[in-house]
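You will see two complexes here that share chain A, one where it goes with chain B and one where it goes with chain C.
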Partner chain A sequence: MLRYTVHRVLVMIPTLLAISVMVFVIIQLPPGDYFTTYLNELQSQGETASAERIEFLRQQYGFDKSPVEQYFVWLAGLLQGDFGYSFEFNLPVSDVVGDRILLTFIVSFATIVFTWIVSFIIGTYSAVYQYSFGDYALSLLGFIGLATPNFLLALVLLWIANVYFGTSIGGLMDPEYLDQPWSWGKALSVLEHLWIPVVVIGTSGTAGMIRRLRANLLDELHKQYVVTARAKGLHPFKILVKYPLRMALNPFIADIGNLLPQVISGAAIVSVVLSLPTTGPMLLKALQSQDMYLAGSFLMMLAMLTVIGTLISDLALAALDPRIRLGGGVQK
Partner chain B sequence: MTDRADLPHYVNRAPFDPLAVTELTPEQERYYTASQWKLMWWRFRRHRIAVVSGAFLLLMYLSIAGSEIIAPYELHHRHTDFLYAPPQRIHLFHDGAFVGPFVYPFNKTLDMAKMRWNYTPDTSRPQPLRFFCVGDHGGATYRFWGLVEGRFHLICPPDGGQVFLFGTDRLGRDMFSRIVYGARISLTIGLIGIALSFFMGLVIGGIAGYYGGLVDSIVQRIIEIIRSFPELPLWMALSAALPVTWSPMLVYLGITVILALLDWPGLARAVRSKFLALREEDFCTAAQLMGAGPGRVIFRHLMPSFMSHLIASATLSIPSMILAETALSFLGLGLRPPITSWGVLLNEAQNINVVAIYPWLMLPVVPVILVVLAFQFLGDGLRDAADPYK
Partner chain C sequence: MSVHLYPTRDLSADYVRAAIGLSVTAGPALLLQPAPAVAAVLGGLAVLFAAFALRTGMRQLTAIEVTEDGIAAQGPLSRRISRDEVTRVRLDYFSFGRERAKGWMQLKISHGYRHIRVDSTIEDFETVAQAAAEIARRNELALSDTTVANFRAMGLAVDDPDREIAA
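Up next is the complex of A and B:
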């Protein structure tokens, strides 16, 4: 297990490096840098910035170096927890990002827990009562959930709440807790507001997971040992729980690697619609104003969240399934 | 039971055919001699929802060809007298008498307190709609595909009246016409995107699968890295990086390329695994032994046997492209007006306070969901049909 863990962590490093290169290229993609935009802006307002000052700022932030050098400066900063400087807010990125990463983490984590619980219950039900009315109804619901884009679902829910209940379901906490330090009241308020984004973001992932669990469980239930157990008079519930369900649960952990990018991706846009104080709206704003360091840091952190999540799921899977830690790759 | 001894001795006079058992019925004959594609088609036909979805999508794509004719108004025409007009219902009966499809014109009053126009239907004056008509109303003139000028429409508003099936927007533009025109962009972006990603997946996955070894592991790593990225934020960043100075056409192409850039890994992986599996098949070895070169083996023997699978999985990833474009444009990062896609239309629905008063701004959601659902069902049907021997 230790060997596997070390191997897995070592593999993660080149992945993260490659991601950081990609993110840096994206940061550099827009023509010009922040200062040319800034200069243009000043000039259009009729002000003139002294060329020396701009030059000084450029040097300060290393914009006069070659891209490769800039990349290593940026990477070295990343490793020390220095994510660069947000020109839009005139603050270090880590100050701007602050709570948002934590809230993004909370929303993603809650969504995955929600996905697990709901798909576990519904998937098991659908497989055990295959072709029953409930199975059909839930499958149809799942199909619609799979097809409805989550941000449109958010939009429609927002509209329904607004028109029929006269309330706004946007936000992640009551307004009085915004920009306040964490307290019990704030945590409770977040919990109260959490379920709507969680349901909205989780729908499509849940629908997919239900289908997978159902298919897996059906495969298992048709195997010989289940028939034998039934013939020997074991209680149906025990037959179900003892082996087939455990076997069918593998994708729950193995699929985090697929689920997590999907959840984080969904959270990005849903949080814009529901105006949640997570990374989504901030990323959008940073991209619109071409505050590329801020945007890049967000991208990097979101990618890191995914990679680490995948790592944890791989390790958990290895702990549960000896075939993986001994044999190498995931067996599908 | 009757006593066996009572029965007369029975002899069949017909000539005896020893092969009778092994002979095929015409039905079996038809099945066994059918080509692979024919079998797939038969199997696909059994999946009712998939067939209906396929027909629906075909209709939608056909509508693209004649958007100008289907839409009653030109894309950008502004009815300055009808800002935020609600959808008009089409009626058939007026005062209990059959009139044919008609609409009631609006009575317009200005609500000074809320500073908005109130529209109420004037039920005393039915205005029959015209069909297959040469329009002379405002916004009737269009340039067909931007080339030929024309005025022929499927539906025309009544003389001196208007027909807003889905209402109008902030600038008084007809929502129905805009949705019809928007299909052109929204539906093609998925097709072009998938074509690009299909090509990339085929080439890259094919190389990885055919050569194996080092090339394979490098490609595998790249695929893993791309797949570990949350797609949407990356799409957002890439499309935000498109220069603002680009023309709408270039932006459109840029977006399709960006969508394809993140979509190919899934297909490449499928191609690779199929290659690895099929490379070892007997028919492949046989072809090689008979002196077929790699090109012939790949294109003549390997490709046909997994093409159907690829097409099915490509169909399943078209909706995610359509959705991605919609999401990006909705956020204002994708396509920008004057290009009109469903996402661009939904961009107007971003402000919930506006949507609460004018809910018909959310109508572009409906075609998006319908098309995505249809593609899902079609893809499901195709996937089942892709392996007709099972």
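Up next is the complex of A and C:
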């Protein structure tokens, strides 16, 4: 397993470097830079800015250097915890980002846990009690979840939370905790608001996962070894847990890598609808205004989360099922 | 008796991997004064690569012996497990990518907390695996379905079809 881990981490390092190059190229692709956009904005509003001042700012922030130089300065800064400067907010990126990364992580993590728990219970039930009323009802619920647009579900849940539970509309905490340091009250407020985005973002992923788990488990349950175990009088629960469920879980774990980017990109639109203080809306704004360091830092952090998710998924899968597949050649 | 060594070519490749890993983790950690969180991650990864380099070194100095009595690892951490003592045999397969192509196997032979691990990159791995399969059969060990499948993929039978498969 050590050799596998080392190989896997070694693959991850160039992947991250390649992503950093792509992120940097993408944020540099639009013509001009932040200052050009800023100058155009001012001109469209009938205002003017001194060309000398713009040139001075361009030099001060290293925009006059070659893109390669800019890239290495940015990369070294990332490692040192200096994410650059946000021109839009006139603040260091780390100050602008504040709690957003943490809140995004909390929402994403809670969504994945929600997706797993719900889909595990429903998927297992649906497979074991195939074609029962419960199976049909839960499958219908899953399809509704899959088909309902997230923003619509978000609006409905906001209304329900406000009318029946008195939760404030939008946001991830009560307004009095905004820009306040972390406290028990703030944490509890986040927990109180968390279920809406978690349910909204998690629903579509849950539905897909239920279908996958149900199909995999049904495949396993119809195999001969299960029939033999039943014929030998083994307890149905033991038969289920001992092998079929474990085998059916493999795609579940393999999906961690896919789930993370889905959750994060899905959260961007929902965050706008729900006014969540997560990375999505700010990333969108940073990309629109060509606030390159802010956008680049966000994209890099999200990419890193995805790469780490894939690494965890691969390691878990290798530990859970280190089995050869037909057609795979063994290296000598 | 047969003696098996890890080929220099494979060991060199592992040394290169460890060196690359150490240089891209310990290098920036020492030269760039990274943020504490980044330093912790880079430091952790550097320890991983250092451990891998150390293990590769141990493997270079270790020979696996398969005898009539049992299986032994002769080297800095010598271990011997006689055939009758073997309580667990496990054969895992590791590979990259979703297709699971171009991987390698790892055989683990245990007696309580004493283990001998052998990678399929070793010379004549088939002989070691065959010996392990015979031991498993003779000692009537309960093998995981993964191990059984991997032995079967190598063309080695390890169990009666009716015998219960263990976790």
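We adopt the following convention: the second predicted complex is superposed on the first by the 290 of 332 C-alpha atoms of A that agree within 3 Å, B and C clash if a C-alpha of one lies under 4 Å from a C-alpha of the other, contacts with A are read in each partner's own complex, and residues count from 1 in each chain.
The rule we apply is simple: contacts are C-beta pairs under 8 Å (C-beta built on N, C-alpha and C of every residue); 3 or more make two chains touch, one makes a residue touch a chain.
Given the structure is predicted, the values throughout are model-derived calculations rather than measurements.
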First, second, both or neither for A:Ala231, with chain B first and chain C second: neither
What is the contact status of A:Asp321 with respect to chain B (first) and chain C (second): first, second, both, or neither? second
State whether A:Gln288 touches chain B only (first), chain C only (second), both chains, or neither. first
Report for A:Tyr243: first if it touches chain B alone, second if chain C alone, otherwise both or neither. second
Touching partner for A:Met1 - first (chain B), second (chain C), both, neither: second
Chain B versus chain C as contact partner of A:Ile13, first or second or both or neither: second
Between chain B and chain C, more residues of chain A are touched by B
After superposition on the shared chain, which partner residues are touched by A:Gly81: those of chain B (first), chain C (second), both, or neither? second
Share the list of chain A residues that count as touching for chain B in one structure and for chain C in the other. none
In the complex, the residues of chain A that touch chain C are 1-11, 13, 76, 79-81, 242-243, 254, 318, 321-332
In the complex formed with chain A, which residues of chain C make contact? 14, 17-18, 20-21, 24, 28, 32-38, 45, 48-49, 51-52, 55, 92-96, 98-106, 119-121, 125, 145-146, 149-150, 153-154, 167
Across the complex, what residues on chain B touch chain A? 221-222, 224-225, 227-234, 236-238, 240-241, 243, 319, 323, 326-327, 330-333, 346, 349-350, 352-353, 355-356, 359, 362, 365, 368-369, 372-373, 376-377
For the complex, which residues does chain A have touching chain B? 14-15, 18-19, 22, 26, 29-31, 143-144, 146-149, 151-152, 155-156, 158-159, 162-163, 168, 170, 257-258, 260-262, 264-266, 268-269, 272-273, 283-284, 287-288, 290, 295-296, 298-299, 302-303, 306-307, 310
